[in-house]
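The next part holds the structures, each set out as C-alpha cells.
Look for chain A in each of the two complexes below; its partner is chain B in the first and chain C in the second.
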Partner chain A sequence: MINALSRYTILFTLTLLVLALLSFSLIYMFPGDPLINLTGLVPQNDIQREALIKQFKLDQPYPIQFYHYLQQLFSGNWGYSFISGESLRDEIGIAMPATFELSTYAMVIAVIIGVPVGCYAGLRSYTASDYAINTASIFSYSFPVFWLALIFILFFSLDAGMVPLSGRISLLFEVPNKTGFILIDILLAEDINHSLALKDAIKHLILPTITIGLISTAAMIRITRRSVIDVVNSPYITAARSRGLSKRQIFMRHILRNALLPILPLMAIQVTTLITNAMIVETLFSWPGIGNWLINAINQRDYPALRIGMLAVSTMVITLTILIDFFNRLIDPSREKFERGTI
Partner chain B sequence: MLRVSRLLTAIIAWTTAIVLGGCSQGKPEDFYRSGIIYCSESNPINFNPQLDTSGTTSDASSHQIYGRLLDFNPDSGRIEASLANSWQVSEDGLTYEFQLRKGVTFHTTDYFTPTRTFNADDVIFSIDRWRLPSHPYHNVSGGRYAYFESLGIADNIQEVARLNSYRVRIKLINRDSSFLANLATDFSVILSEEYAKQLMQKGVPERIDHYPVGTGPFKFQSYRKDHYIRFKRHENYWRDTPRSERLIYDITPKSSLRLAKLITGECDAIAFPSQAEVEVIRQRDQLELAEKPGLNIGFWAFNTQKSPFNNPDVRRALAFAIDKNTLLETVYFDSAVRAKTLLPPASWAYQRDADDTAYNPVLARKLLNDAGVPEGFRMTIWAMPVERAYNPNAAKMAELMQRYLAEVGIKADIISYDWTTFRRHLRDGAHDSVLIGWSADSGDPDNFYRPLLSCGAIPSGTNRAMWCNSNYDRLINAALKTENIEQRKRIYQQVNRLLYEQLPLVPLAHAYRYQAYRSGLSGMSINPYGGINFAGVEKKL
Partner chain C sequence: MAQFSLYQEEFHPSPWQKTWREFRSSHIASLGLMILLFFLVFSLFAPIIAPYDPLQQNVNALFIPPSWNVNGTISHLFGTDALGRDLFSRIVYGCRVTLGSSILLVLVAMVVGVTIGTIAGMLEGVRSSVINHLLDALMAIPTLLIAIIIVAVLGTGLVNSMWAITLALTPQFVHHTRSFVRTEMKKEYVLASKLDGANHLQLFFYSILPNMIEMLVVQGTIALSIAVIDISALGFLNLGARPPVPELGAMLADGMDVAYVAPWTVALPGLTIFLIVLAINVVGDGLRSALRKRLTQ
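Up next is the complex of A and B:
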C-alpha cells in the first residue's frame, strides 16, 4: 500500500512539474514582454522595469528562473491580471469553486439517475426497455453540449420564462463569497431571506446542471449497464442463483458491489469530460466559473491569466483523476498487482 | 450506510425547514421590487467622471453618486438650479456668482461619515482639483481631466473664490458663452472636500475615485470588475428620496445577452440595445422602448500626424471611397441620420445645406494616384470593441469599409483591443484611422467642435484625428466670444466649410438613442444631455 502511495505521489509531483514547466515556457511563448506575461504588472519606466526584472530573476539563466517561478507558485504569488489588476490567486479562488460546484451537482445527478437506470437496463439486458434506455442514452450522449444549452435557454428561459438564464443568483441578494459554493454561502450569509435566496439560486442552477448532467448521466447509464451485464454473466452469479438466493439478495450482495467496482475508474475518465462540459456551459449561462473566466482572458489577451488559468485547470483535473484512481485502488484490492500509478 | 442516509435526511429536513419557514419573512414580490437591476455594457474606469469622458464611467457615477452645481432640464435642455440655488452673471460675462443650497448631505458609507453638509469648500475643491496643476489632488489617479482639458476650461478660469460658506465666485479670463452649460455636464461633479482631506491624512488619496462619496441619489456600495456595481439609496437625498432601495449594475458586455436578460426579467433596463434588436423589443408586450434623436456623432477619424494621412487629398479620397448610405442601412438599420458635419440636426446650429462627400470610387482612386499612394497600400482601421449609440457595431462597419477600400486598391486591417487598452493605444496615436464617435454632454455646438478637433484636445485624447489647425481653433474661439446666436451660426458654417476641405474625419451618422426597459419600471426617461439617471425610477411589477 505504501508502495502504491509513493508511486502515486511521484506520478503526481512529476506531472505537476511538467505542467509548471509548460506554464513557465508560456511566459516566453506568448507574444509580448515576458515580464508582463509573468507578473501582469506594466512597468511605468526603465528603473521600475529593471527592479521588477531583478525581483523576478528574469536576468538569470532559465533553470534559476524556473526555480524561482516554482517558489512564487507555492507561496501564492501567481501574478496579477493585467486587464483588471486583481490578484490572479483571488480571481481563481472565486472562479474555481463555482465550476467545481456545478460539476459536483451534475455528477450527483449523473450518479443518482445514471446508476439505477443503468442497473435496470443491465438486469433487463436485450429487452425492449433496455433498448429504449440504451437508445435514449446514446442519443443524449451525442448532443453537443453548447447546442443543448442553447436549446434549453431558448425553451425554458426565453419562451417559457420559467428559469433565469445567467449567473448564480439574482444580484439583488448580497451573498458574500465564503466557500465559493453558492448554496453553502447562502446558508452562511446574514441579513438575507434565506429561503428566497435558496429558491433563487436553485432556479439559476437548474438549467446548467441539467445540461451537463444529462450528458454525464447518459455516459453513466452506459457504463453501469455494461458493467452489470458483465457481472450477471459471470459464473458466481450462476452459482448464487443455483444456491437459491433471492433476486434481491443476488442483486444487493453480488451484482451491485461487483458491478460498481469497474465503474469508478471509468468515472475518472468522465471527470475530465464533465469539467470540460462545465466550462463550455458556463460561458453560455454566464456562470462565473473558471471556463467563463478563461474565455474572458482569451478575449482580452490577458496572458498572465491564461498562463495561470491553464495551470490551475490542469492541476484540478489531474488531482481529481489521480485521487479517484487511488481511491479505486483502496477499495479494490484486486488491482494491487498493477503497482504502477496511472492517469 | 444507515448513518449516511440519516445524515442526508437531517440535511434535507434542515434545508426544507429553512425554505418553508422563511416564507413568513415578507412577500417575495416585495423583495424583488425593492431593487433595480440595470444591465450595463462595460466596466467603468473609476467612479469619478471628471477623469474620464467614457459614457460607461459617467453612466455609473455621474447622476447616481454625484450632484452638480447646475443641471440640464431633460425636456427643454435649459440650465436649471441644482446644488446652486441661483446664480448671477456680470455684465461683461466674466464673473459668475453662485448661491449654494443649504442642508445637502453627503453619503454616509462604510468608509466615510460626513460631519458637515455641502458648502463652498466642496465646490472649490472639486473645481480646483482639475483646474490647478499644483493642487494636491491634481495628479491623483493620473492627473488627466480629459473633458476639461479638451475644452480648455481650466486655463480660462482666473479664480474660484469663497465669498462665504454658501457663496462662490468664479472669474473667467475670456468670455465663454458655454461656461454654464459646461458646469451642468456629467463631468462637473461635486466631490466631498472633507472626505478628500481625510484620505489625504491617511495617505490614500486615490481612494477618492474608487470609493466615491457624493451628494447624489445613490451611494456606492461595492464593485466587482466584469460582474456588478452595487448602490444603495441615499436616504437623505436633498430632492425626493429615490424610489428604489437598491440599484445594481449587472455588467453584461454582450448586447444579445443583455436583451435575453431583459426578456427573462433578470434586468429591468438595459444599456444600448443594438439597432438590430430594436424590432424584437417593440414586438414584446412586456418591454418598452423609448426613442429620441441623439446628440451624438459617429465618425471615421484619420490619424493626421501619420503619412500619408497628413495629406488632405488622401483623406478626401478615402472619404469618397466609402458609401455612407450602405453603412447607415446595414450597421444602424436606418435608425440614424446621415451626418454631414459634426452637429446633429437637433442642435440649434445645424447647417442644413452643408457640403458632404459622395460615394465615388473612381475619383477616389484618381486622387490616391495623384497623391502617390500605390495600389495595395496597407492601412489599419481601428474598430472600437464596445457598442455605443453613435456606432452600434464598429467591427461590422470596419468589415464593410474594408471591402470598399479594397475596391480602390487599399488593403485595410481591422484592429481591436479591449476598451481600456484600445483607448490607451489611441491616445498614443498608434492608429491609422479609427471608427469611433462622440456623445455630447450639452446641446452647445462647442461641445462637438472643441473636444473632437481642437489642438488642445490632442493630449486629452478626445481628438482622435490628432488634428491641429490654427485657423480652426481661431474660429471656434471666436464663436464663444459672442452671445448672438445668428453670429455664432455663421461662424460655425465657416468651420464646417473648413472641415469639408480638410476632412480630418469623415462624419458618418447621428444615431437615435434608445432606452429599453421592462414595462414594470416607471419613471424611466432618456436624458439627451448625458448619462442615465435612476433617481425617480421605481419598479411596479
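Up next is the complex of A and C:
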C-alpha cells in the first residue's frame, strides 16, 4: 500500500515536472518575443523591457529560468492574457470548473445508464435484446460529437425551441461565481428566485450534457457488457451455479463485483475522450469552459494563455487518470501493475 | 483442463483463414467491410468518380438542393454549396483527404509505436518502466490539446494536424506492443529461438511479429476510427485543413454558416464521417469477436 502510494506519488510528480518543462519550453517555441509569451505584458520601452527581463530572470541560464518559472507557477503568478489583459489564473479559475461540471454530469449519466444497461446486455449475451443494445451503442459511439451537437441544436433549439441555444444561464439571473459550478452557485446565490434560476440553468445544461453523455454512455455500455460476458463465462460462476445459488445471488455477489473491476482502468481512458468531447461541444454551445477558452486563445494567437491552458488541462486530466489508476490498485491489489483491459 | 481438439479434415486452415471464416460468418461485419471498401474505392479513385472539380466554383448554381429534392437536378447529385461547388465531388474528395490521411497517420503511429514498444518490452527494469510511465502520462493528454499546441508553434494545416494526431495515437501502440512483447518473451517458442542463437532483431521479426499482427490490426481499426473523428474535428474547429481543401470536417464548418438555408451542406458531410466511423467500428468489432471465437475454439 505504502509502496504503491509512493510509486504513484513519484510518477505524478515526475509527470507534472515534465509537463511544466514542456510548458516552459513553449515560451521559446512559440513565435514572437519570449518575454511576452511568458508574461503577457507588452513592454512600452527599452527600460521597462530590461526591468521585466531582470524581474522574470530571462537573462539567466535556462535551468535557473525554469526554477524561477516553477516558483512563479506555485505562487500563482501565471501571467496575463495577451488579449484581455486579465490575470490568467482568474480566467482559468472560471473556465476550468465549467468544463469540469459538464464532464461530471456527462460521466454521471454514463455510469448511471451505461453500467446497468451493459450488465443487462452482458447477462443476456447473444440474444435479440443484446444485439439491439449493442447496435444502438455502436451507432451512438460512432457519432462525431460536433455533428451530433449540431443536429441537436438544429432540432431542439432552432426547430422545436425547447431549449436555449447557448451559454450557461439566462442573463436575467445574476449569479456570483463562487465555486464555478453553476448549479451550486445558484443555490449559494442570494436574492434570486432559486427554482426559476435552477430550471433555466438545467435547460441550458441539458443539450451539451446529453451530447457528451450519449457517446460516453455508449462506450460504458460496451465496456461493461464485455466485462460481464467475460465474468459469466469464468469457472467460478459455473461453480456458484452448481452450488444452487439463485440468479440474483450470483449476479450480486459474484458477477457484479468482478465485472466492475476491469471497468475502472478503462474509465481512466474514457476521461480523456470525455474531456476532449466536452471541449469540442463547448465551442458549439458557447459554454464558457476551458475548451472554448483555448479555441479563442488559439484563434487570437494568445500565447501566454495557451501555455497555461495546456498546463492546466493536462494537469487536470493526468490527476484524474492517476487517481483512478491508484484507486484501482487499492481495491484490486492482485493487479501488479496497471494493465489496460479491452472493450 | 487439457482438451483434445481434433481436426477431422486433411486441410488445415491457417489462423488467418480461420479468422476470416469467423469474420465472414457475421453478416453485420461483412456489411461494414463492404461499406468501408466502398469508401476506400472513393478515396483511391476520387478523380475518376467525382463528376466535377471539388474546388470549381459556379455562380450560376448556388444552393442547388440534392437531386431527391423537387428543386434539385440530377447533374448535381448532392446539390451545391454556397459557392456553387458540387457537393458530391467534394464529398468524394473529402473521403480521400479525411480517410486517406487517417490511414496514413495510423500507419506512421503504428510503425513508431511498435518500434518503441518493442524496445521497451525487450528492455528490463528502470528504463522500461520510465518509458512506460511517461507514455502513459502522454496518452492522457487530449488530442485537441496537442493539436492546439502544434498549431500554435507551426501554424494551421492538414499536415500539422496529422502530426498532432499521430503523436496522440502512438502511445497506445507502444503500450499494447510492450505488454505483448513482454508476455511473448516468456514463452517457450521464443526461448527455443533464443537457444538457436537468434539475436533480438531476428527474435522480433521471425518469432514475435507474426504473432503480433492480429493484435496490430485490431488496434489499428480502433486507432483509425479515432483518427477519422479527430482529423475531422480539427478541421471543423479550423485547426486542421483550411477551408478550400475538401476535408469533411472543414466542409461541415463551412456549411454551418448557411445551415438554415442549405441544411444538406451540413447533413451530408457529417453523415459521411458518421458512416466511415461506423463502418470502421463495425469491422473492428467483427474482427475482435472473430479473433475471440477462434482463440476460444
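Note that the second predicted complex is superposed on the first by the 335 of 343 C-alpha atoms of A that agree within 3 Å, B and C clash if a C-alpha of one lies under 4 Å from a C-alpha of the other, contacts with A are read in each partner's own complex, and residues count from 1 in each chain.
In this section, contacts are C-beta pairs under 8 Å (C-beta built on N, C-alpha and C of every residue); 3 or more make two chains touch, one makes a residue touch a chain.
This structure is a prediction, so every number in the text was calculated from the model and none was measured.
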Simultaneous placement of chain C and chain B on chain A, clash or fit: fit
First (chain B), second (chain C), both or neither touched by A:Asn296: first
Touched partner set for A:Val145, first chain B, second chain C, both or neither: second
Touching partner for A:Ser84 - first (chain B), second (chain C), both, neither: first
Partner chain in contact with A:Ser157 - chain B first, chain C second, else both or neither: first
Chain B versus chain C as contact partner of A:Ile182, first or second or both or neither: neither
Partner chain(s) touched by A:Ile92 [first = chain B, second = chain C, both, neither]: neither
Computed vertex angle (chain A) for partners chain B and chain C, CA, steps of 10°: 100
Touched partner set for A:Leu165, first chain B, second chain C, both or neither: first
Partner chain in contact with A:Ile36 - chain B first, chain C second, else both or neither: neither
First (chain B), second (chain C), both or neither touched by A:Leu198: first
More chain A residues in contact [chain B versus chain C]: C
Distance of closest approach, chain C and chain B, by C-alpha atoms in Å: 6
Interface residues of chain A shared between complexes with chain B and chain C: 158, 299, 301
Touch list for chain A against partner chain C, complex: 11, 14-15, 18-19, 26, 29-31, 138-139, 141-147, 150-151, 154, 158, 268-269, 271-272, 275-276, 279-280, 283, 291, 294-295, 298-299, 301, 303, 306, 309-310, 313-314, 317-318, 321, 339-340, 342-343
Residues of chain C defined as touching chain A within the complex: 133-134, 136-137, 139-145, 148-149, 151-153, 175-176, 179, 225, 229, 232-233, 236-239, 249, 252, 256, 259-260, 263, 266, 270, 273-274, 277-278, 281-282, 285, 288
Contact set on chain A toward chain B in their complex: 83-84, 86, 153, 157-158, 161, 164-167, 170-172, 174, 187, 193-196, 198-199, 286, 288, 296, 299-301
Residue ranges of chain B touching chain A (in the complex, touch as defined): 15, 18-23, 25-26, 28, 31-32, 34-35, 37, 225-228, 230, 246, 248, 250, 252, 257, 260-261, 263-266, 417-418, 420-421
